[in-house]
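Next, two complexes with subunit A in common: one pairs it with subunit B, the other with subunit C.
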Partner chain A sequence: MKTFLKIFAIVLALASCTQAREIKLLNVSYDPTRELYLDYNAAFTKYWKAKTGDDVKIDQSHGGSGKQAQSVIQGLEADVVTLALAYDIDAIAQQSKLLPADWQKRLPNDSTPYTSTIVFLVRKGNPKNIKDWDDLIKPNIKVVVPNPKTSGGARWAYLAAYAYALEKNSRDDAKAKEFIKALYKNVPVLDSGARGSTITFVDHGIGDVLLAWENEAHLALKEYGADKFEIVTPSLSILAEPPVAVVDKNAKRHGTTEVAQAYLQYLYSDEGQEIAARNFYRPRNEAVAKKYADNFAQLKLVTIDQEFGGWKKAQETHFADGGTFDQIYQQ
Partner chain B sequence: MKLKWILLTAFVSAQIGIARAQDAAVSGMNSDIDALKKEIQALEQKVDALEQQKTQQQSTTQVEDLDQHVRILERKREIDEENAAATAKTQPKISVGPDGVKLSSADTNFVFNLHGLVQLDSRNFYNAPVKGVDGFILRRARPIFTGTVYHDFDFNLTPDFGGNTVQVLDAYANYRNRPEFQVQAGKFKSPVSLEQLQSDPVTAFNERSLVNDLVPNRDLGADVHGDLFGGVASYAAGIFNGAPDYSGTTTNSDYDNNKAFVGRVFFQPFKPTSISFLQGFGFGIGGSYEADHGSATGASGLTSGYTTDGQQKFFTYTNGVFASGTHWRLDPQANYYWGPLCVAGEYVISDQQVAKGAAKTDLRNRAWDVTAGWVLTGESASYTGITPAHPFDPRKGQWGAVQIVGRYADLDVDNKAFPVFANPNTAASSAHAWSAGVNWFLNKNIRVNASYSHTIFAGGNGTGATVTKNPEDVFFTRVQLVF
Partner chain C sequence: MATSQLAAKKFRVLPGFRLTLGFTLLYLSLIVLIPLAATFWKTSTLTWGKFVHSVASPAAISAFKLSFGVSFLAAIVNLVFGLLVAWVLVRYKFFGKRIVDALVDLPFALPTAVAGITLATLYAENGWIGKWFASWNPRQSLIYHSHHFTNELSKISWLSIFHAPWHWLIVHTPNSSLHLQISYTWLGIFVALTFIGLPFVVRTVQPILEDMDVEIEEAAATLGANRLKTFRRVILPMLFSPLLTGFALAFARALGEYGSVVFISSNIPLKTQIVPLLIMSKLDQFDYSGATALAVVMLVISFLLLLGINLLQWRTTRHHTI
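Entry: the complex of A and B
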């Protein structure tokens, strides 16, 4: 009997060792990354299968970055988060303790494998002759941009406009506030996410200019045709750094820690960087960036740290309840 | 004179020349005026055209502005709807319906249900000298709290305020990650009897049959249970404190160190097939085993008595008798449902070792019953009840569902019980009961029923006034509210 049990145990162990597993990952991301991660997931699945023999099925969830972070805090079982800004992942770390506070140090470039910026998408021929941020505060201009309370892209756009106003007004904060107030006076609709704003501008034909992620603007050209829209690059914008992180406790509970880590690390690989560049995200890898240089306009880019003292301060000053945005948008 | 004519001629010629010149000048002026008029007209036309163009442009701008305005309003409405839908997803949900009140967290991780069961009965007995009390009785009055926490953990807390005692009837938690394998712990029905396991609001008669005297009711313990192959087979196996036969009022603690092992399997082999007349056929067997050790002075570990349909005790052990050894039950059972027809039956053996002083014996009591019903209004009968196709509403000419039911039941006490362990003058050695009734399901929540039961006894007809001296005839009614 004992011999039989031993043989049975060995057979069972061998079977479990040799059997390929199917692993499920949930990537909770922000609005405009759908296409990027569709491409990337296919590549990673292939890579992981070749490396381990295991099948990985990656589910994607997209929405406004702030809303997505709240969903994870409230129980959405994300294995990884790939959000629009570090503050949203900080919120997950602080409020739910699902990952450590120093999560951003775990991967290169502060865990931002690609960057982006904010540009203008206008209708073909640029009928309102929009060239730079100044043009957005003219009385007859309608600007489409999402709500910074819920959208990461909208926060980047807001800060890009603010940075421009500061530079133009010799860093006079009061004048910058007046500028941003005038700009949001021209915003007729606040969507909750970047994709919603694209739909507002493109599908519903609302507004004269869309403040868009660079990749989202290119996607609109690609999907709807360059004969309908064109991209205007302002003189100054902001270096948007969308970060990525493993949600440790969820991944541990799901037994997916290893594959989740590999999933994010592979974003830094040559293939990962190529996929990012093809989807109009600015790659970190210099060689890949050089190869795709034509995809990205050259412009002055300020950083959140230099211009606003980091996300924590920017959040408290501008986007927290009662912050600058509430003050200028309610007025 | 000649000079005069010359001068006159010259003067006239000059006048004529001047006149001609003047004519020529006037003629030129007129053409200039015409040209100017034409220019003015052209200019006026241009002005008109420009004004029209301007008006058109203004109109176009206004139309464009209006168009934008409408689009913006439409989009805002869409966004408001999206936001409302998104907000709704994060809000707790509450619903009220025939199945009670349901509260659910937004992520459905936490669900809380409030159900209720109220049964107001009347009983009228027709045989003297000893008979039950005629009158109304609040048979059951139960708020039923059920729910789920973290998706897979169900719970049930059911107190009962009916009858003469308040008791915690059910209180258990059930882990239900997969229907095939569930783990339940707490106080709940011991999985033995088909009739006992049927929910109280849907039994055919006010009271369960004589079979119910020999099976356990609620008990404290834990079991594993589940449904296999889509309900073709179900099983339950557990360990419990051990309930005596017919435990009308359940206790919340054990009286000895021994535990009962209880199990049941039930098969519905045709359930997934297309053979409709066999889909509702099921059979199975339940059983229990325990080493009971009561005492003559403390808890006896025995039943407080076997009761009739009218809830009168027709058999009790004499004082000083106690459980002393093994107690096992075997309960083969079957039921059949096909359209409006229902038939159910079971046969149970309860084998109990008892002692009184130095006397000791093994009593093997038996009971069986067959219950049948037919829904006159055509609805399908089922183990979980009948739902009227046309709920009661006289204004629409709808009257609910009506079912007729009949039952025969028999209980036979081991003759070895007499006379040492039971008094043959007061306790019957057997009871045979038939019952007939009508159930009226007004809707899913309200049921009204009436039935008649006739029970005859063997033995127990001594010289004194006893329940068993005459047959028991009792007329029942019930008004039931369940949600």
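Entry: the complex of A and C
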């Protein structure tokens, strides 16, 4: 009987230990945010512990943005999604109804706590003298960029090039199409995702220029050494807005609504913004942006809403079957 | 064969026919039939016009040609070299044979994405192997011949599968020498598909070869058959069935391969895009029925091909037992 009581006491003690709540959160994100969220999760865990006393363990999932949205629709239990473009979160809202259609209005800046853009990564010394988008359509230039049908970053890159061509040719759509056609004729390899393209360009030595997320380009410099590559900032590019959202129904079922919301809101805090800036994402916060101004080159940035009338329209005109991208490859 | 089946009907040593058959059907339904049926069902939500639009678009047709053409070539290469490997492993004793034997299975175990990246790196123009091909500089006459050859090829319609990739493979450098690029061309896809299909022929032929007595060859020799005849008339007929099985497996495996190919192919629409990639890109655009439409066509063609191979095999084995 005594031993029984002992065991009972131990079980009780163990049970009360787990009472200090350990919350699990799954953040489903896209490819290049791996390093950003590694830093940010550590910071948020600390903040949440100090605020509520609860331990929160954040799991990360990374992959191509479209594929990640796909997984969430098919039932991956994401509490929050932080994807490359609003279109993918729209798809989750539309196809699975896990979050309301107006999700983008729930957080400041269209639910985009940080932004990025598309820049050029060239080989050291810039041997082909690439300065701006015009240089990319010259006949002896090889451009490496992923397929916009499968990669979120590649869609931003495509639209950046298109926006430049529109600007340059006083908004003549036919001329912009010609420009984009010439550009993709210079693309020898269309990888399915941003990381694949980086491998092709960096490890396999294919191409003269890689069209990359600004943060990927900086990461490549950091990882492979500034003596091998350099970043060229074009005169104009697109303001890439990777949005974040709580997946309401999943969070509700897991009982994580509160922490999931706090997780995304904290991205807008000074600390969250600094972490973003340190990982080469452009912060929304003016003061933080000023502090890290050296990280980010000045250039003209256009938004998808101004230039292309939003994602839905851009998707239909450019990337859907038979869209302008498909037309490039039709004789 | 036929007599033993007849005997089995009368009397079985081990009971449990109904139980095992029931389990077989359940198992096949859960793993194969229901998922496949779902594919067909999803496709049936498309109208006929939309179905044709998805599967007969220029991009789809070029992908089908590439997938079936290159998979076929890779399976043929595996057929020949798989037989060779199996022969060496069964008939000869040499140092490190066990290791070589284990190596054969490696393509099964290695994650295909890893295989793809590794192969792409090795066969890239700056890679260990690719470098060698990139600097390949044949004589001037060969350039003429290959041009001539390409022109000849283009006249034959059924060979047109290989017509476009051939152009793609010959890259003219400014000094008009040829160089052979492997990674990021159809040749790269071919290398990857050969790699993943390697174990099939070896593993199907090996056990049959082990059971085959060397005396049979000796008997053939004493009866006056020369080496070629012994191989052609004695060994090959016995190996025909396992070779065909191995070929079919390697071919089918290559058709469905995605992971390694996307890394070694340049994935350019109408040139080096395989069907599985096209399916993936449809899925990425949330076009589920378009993706399943392509899958259905792929399934039907593969099924017909495999059925044909099985029939051929059945005919030859029956021919042999009689």
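As a convention for this text, the second predicted complex is superposed on the first by the 310 of 331 C-alpha atoms of A that agree within 3 Å, B and C clash if a C-alpha of one lies under 4 Å from a C-alpha of the other, contacts with A are read in each partner's own complex, and residues count from 1 in each chain.
The criterion applied here is as follows: a residue touches a chain if its C-beta (ideal position, glycine included) is under 8 Å from a C-beta of that chain, and two chains touch if they have at least 3 such contacts.
A quick note: this is a predicted structure, and the numbers were derived from the prediction, not measured.
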Combined model on subunit A where subunit B meets subunit C, clash or fit: clash
Partner chain in contact with A:A297 - subunit B first, subunit C second, else both or neither: neither
Which of subunit B and subunit C A:Q74 touches, first, second, both or neither: first
Contacts of A:G66 with subunit B and subunit C, given as first, second, both or neither: second
Which superposed partner A:K142 touches (first subunit B, second subunit C, both, neither): first
First, second, both or neither for A:G196, with subunit B first and subunit C second: both
First, second, both or neither for A:Q95, with subunit B first and subunit C second: second
Greater subunit A contact set [subunit C / subunit B]: C
First, second, both or neither for A:D326, with subunit B first and subunit C second: second
Residues of subunit A that lie at the interface with subunit B and also at the interface with subunit C: 67, 188-192, 196, 200, 204-206
Residues of subunit B touching subunit A in the complex: 68, 71-72, 74-76, 79, 82-83, 86, 90, 107, 109
Residues of subunit C touching subunit A in the complex: 54, 57-59, 117, 120-121, 124-127, 183-184, 262-263, 266-270, 277, 280-281, 283-287, 290
Residue numbers on subunit A that touch subunit C, as the complex places them: 64, 66-67, 70, 73, 91, 95, 147, 149-150, 187-192, 196, 199-200, 203-206, 319-321, 326, 329-330
Touching residues (chain side subunit A, partner subunit B) in the complex: 67, 74-75, 142, 188-192, 196, 200, 204-207
